[in-house]
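Chain naming follows the written order as A, B and C, and within any one chain the residues start at number 1.
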Amino acid sequence: MPREAEPSLNERAFVVQALQEGLRVDGRAFDQYRQLELKFGEQYGVADVTLGKTRILVKVSAEVTTPYTDRPFDGIFTITTELSPMASPAFEVNRPTETEVLLSRLLEKTVRRSNALDTESLCLVAGQKCWSIRVDLHVLSHDGNLIDVSCFAVVAALRHFRKPDTSIEGGHLTVYTPAEREPVPLSWLHSPFCVTFSFYGEGEITILDANLLEEQLRVSSCTISLNRHGEICQIAKLGGTPVEAATLLQCASVALNKVKEFSTLLDQKLAEDAKRRNKGGLLAELSAENER
Amino acid sequence: MPLDTSTYNLALLRIDGRRWNELRQLRGQIRTQAAADGSSYLEMGNTKIMCVVTGPSEEGKRRNQGASSASAAGSGSSTSASATNAADILVSVVVGGFSTVDRKKRARSDKRIQELQATLAKSLAAVLHTHLFPRSTISLSLHILSQDGSLLACMINAATLALVDAGVPMTDYLVACSAGSTSSHSAADERADPLIDLNNQEEQELPFLTVGTLGASDKVVVLVCESRVQVSRLEGMMVAAADGCVNIRAYLDSVVREKGHRMVAEGAVEKGASMAMDIDV
Amino acid sequence: MPITILQPALVPVHSTRDESYGSESDSDGGVDLEGDISMRPAKRARRTGDDSIVTPGEQRQEPATAHTQRRTPPAIISSVAGTLSKTNKLLSVRPLRARYTPEIGDLVVGRIVEVQAKRWRVDVGASLLAQLPLSAINLPGGIQRRRTETDELQIRTFFSEGDLLVAEVQQLYSDGGAVLHTRSLRFGKLRNGVFMAVSGTGGGGGVVRAKRQTFVLDVGRAAGGGGAAADDAEKIDVVLGVNGYIWVSKHVEGEGAAAEGTGPGITRIEESVGLNVYSSQNDAIPPGTMREIARVRGVINALVEHGLRVDEEMVITGYHEAVEMARADGDGEETLYLGGERGKRLADTLVGR
């Protein structure tokens, strides 16, 4: 099994000592993220997010299928992650590494289990027809902090996504093409974001947005997912060096501030994109959606 | 079926009659498997787990091949500890098909199980002195016989007991306890109480988290929360869980001591140096 | 919301506990267990007793360090559960149980796990596999013989995977790995018997380091007159490896493990290191001997099961006791069963209970 090249002892000592003296090797402040860029694709539901050298592409798609028999009133919502050898030689095709398993579990808990997407709204005909929303996540380049970027990209793509409009008349389901009726957005309840903290030393040094080198050297990490209303969706400190409880509580409040920044950034980008698409302000007239 | 939280507010008693800070019945045994290097059996209420430790041992070429194929099948999860200068910790979790009310066949590659394995392996790596055993492997196998809430906490506690039995040096006991909050995630009622050591029914209804601490200190090794909860609830839940950890540690310690005393009495182990005077100074 | 910590609940204890228990943590952790009154006097008693057990995380306020203890200044914290031993200012904890840690000079029984170009890798129950270099064995055809490439090619004819051997620890690496040698007639390949694994000197019963690890058990006399079979089955070799691996086999005069001390002089070595040494063929063993081997095995199992140490004295007295028991029970001497009640009786007799 190929592995990521391990940093040498000297590198290790250098980076850790620099951190102990309050410096990061790339000159950022401890709580500073790299430049976060978000681009939406031509199609609805495509988000391309870059954070420093980490780059992630997310594509959302929808199709009509039969719901699971045990949940006849819910639609289907799946998130699949793919870490290909393109991102790093440590990833192999068809053989999920621990990183991949943990990443997909984390997205699952953050986005799906926290009910960010109202799956009941995906139901078309109870027990027979529903929307299946599928999120495909591809890591194009890996330079640390996959979790935060992935989560941001997934949420951005889902909020950007528009599914085809439908109507039911006398038990007959019609799905309209975008030419016939303007597609409608998903019923979105709240936007959770992940913030990952990396710990060094005896757990007393805390940094945000570790790059690959820093990730390899950290002694422990903690990912906190929140929405901007201050609701925790998920916390994962899966082992590692013990950290004082007070530090973790402090992390939670730092995370809340970061999440508010993410939320504002995403809202702003979505608004820009909507404006770009809505040339001449005709979209309101095209929409078949009624005010409820 | 919603949990009748109104009763809790009236009598401050939970569905199984406990108060907010009471643990369920704990029962523990060590050295249950004669052939293993270390073993334990732990019950926390109706959550029952068996743990077997093999190692630290070096795997020869042949056995190594067997192990790697096992990990390809998804049963193993090793730490990322650099293999050269510290022992690897290999954890595999077996969920009994009979452990829940509805008999479910679980795929071996279940991501939830893999996550549990990774969590256990990483948290134990932080507590054990693995640097004393370079090039070797400590493998743990946990068998979940019955599930009734606080699964991760019970697994961590059982693993700790088995490792103490195996004589693997560690900084302190790694103990874990779950804690919930009586408020729902949206309600911002200030009167919500934390609860500790949740059973399955409470886990279904209430937001909860699992805290694993290093001994009786408030150093947190594991913190896992999988449900929506207001950030202001976090502190109360963590404090309550840490308090539960202290009690669990005391119990685990008593199990080990009891076994130790019996062994000394039987003459299997030499008596310790007299240190009656040393302790209280 | 301020958190109010109410009186914590008493940790439920299991009903079968009759012994004292206590934890150092509850006396300084600010947690007062009410309803614990019955245990308090017992705890005091334990502290003044000799059999004090220390557990991981327990603090020792002594200005010294030891390798089984971890120093986080200024406190000394135990990292294993076991009994405390004190040598001048050095504190160390003997674990209740741990894997075998090799020491130079230990006599061990091992099993070949892997064959490499110039050496074997041997499982001796330690945390690392031991090494047995080709240069550390006696080759057939005399001790002075040069090791040639032919020997390297034929390495499997001496020992191959799965073979059992008895050897001595010759050297230790810094990581705790052991190097073995079999350059004495006492050591070498094991045959004509059974193998069993109990816990080693790490702690917790099992084999203990003693003056002699190998001895000959005279079963002909013990089972005296027990049929014609007993006449030609007079002696059994027992090898108690310090690592907890045990070999019980038919005694072979002049060679094999138990020829310790009485071994042949240097002149005879060349003759003795003959073909037999690396043979994988068992000699003919009479049923009587097999029965007595099985009885010895039963005795050792009973000792281990009841947490008693396994050494020469215990095995010999245990064996004679077992023969007596079989005779007294009236089931005949053929009765070998030493589990359950019988095992308990045997153990009780041995410790004089």
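Keep this in mind: a residue touches a chain if its C-beta (ideal position, glycine included) is under 8 Å from a C-beta of that chain, and two chains touch if they have at least 3 such contacts.
Computed from a prediction, not measured in an experiment: that's the story for all the values here.
Engineer: Just by CA atoms, which chain is the most central one?
Structural biologist: Answer by centroid distance: B.
Engineer: Which two chains have the greatest number of C-beta pairs in contact?
Structural biologist: Chain pair with the maximum contact count: B-C.
Engineer: Could you grab the centroid distance between subunit A and subunit C? Build each centroid from C-alpha atoms only and quote it in angstrom.
Structural biologist: Their C-alpha centroids are separated by 56 Å.
Engineer: What is the distance, in whole Å, between the centres of subunit B and subunit C, each centre taken as the mean of its C-alpha atoms?
Structural biologist: So the centroids are 31 Å from each other.
Engineer: Would you mind pulling out the distance in Å between where the CA atoms of subunit A average out and where those of subunit B do?
Structural biologist: Subunit A and subunit B have C-alpha centres separated by 30 Å.
Engineer: Give me the residue numbers in subunit B that touch at least two other chains, ranges are fine.
Structural biologist: 214, 232, 235, 239
Engineer: Enumerate the contact residues on subunit B facing subunit C in the complex.
Structural biologist: Going by the criterion above, the answer is residues 18-23, 25-28, 31, 34, 37-38, 55-58, 60-63, 87, 129, 132-136, 164-173, 190-192, 194, 214-216, 232, 235-236, 239-240, 243, 246-251, 253-254, 256-276, 278-281.
Engineer: State the interface residues of subunit A toward subunit B in the complex, per the touch definition above.
Structural biologist: For this pair, the touching residues of subunit A are 6, 95, 98, 101-102, 104-105, 108-109, 113-115, 203, 219-220, 222, 226, 230-246, 248-249, 252-253, 256.
Engineer: Once bound in the complex, which stretches of subunit B touch subunit A?
Structural biologist: 72, 77, 80, 82, 111-112, 114-115, 118-127, 185-186, 209, 213-214, 217-232, 234-235, 238-239, 242
Engineer: Under the touch definition given earlier, write down the residues of subunit C that touch subunit B in their complex.
Structural biologist: 1, 3, 5-6, 8-9, 11-14, 17, 19-26, 29, 31, 33, 46-57, 60-62, 68, 70, 77, 79-86, 94-99, 113-114, 121, 123, 126-129, 161, 175-176, 202-205, 305-309, 351
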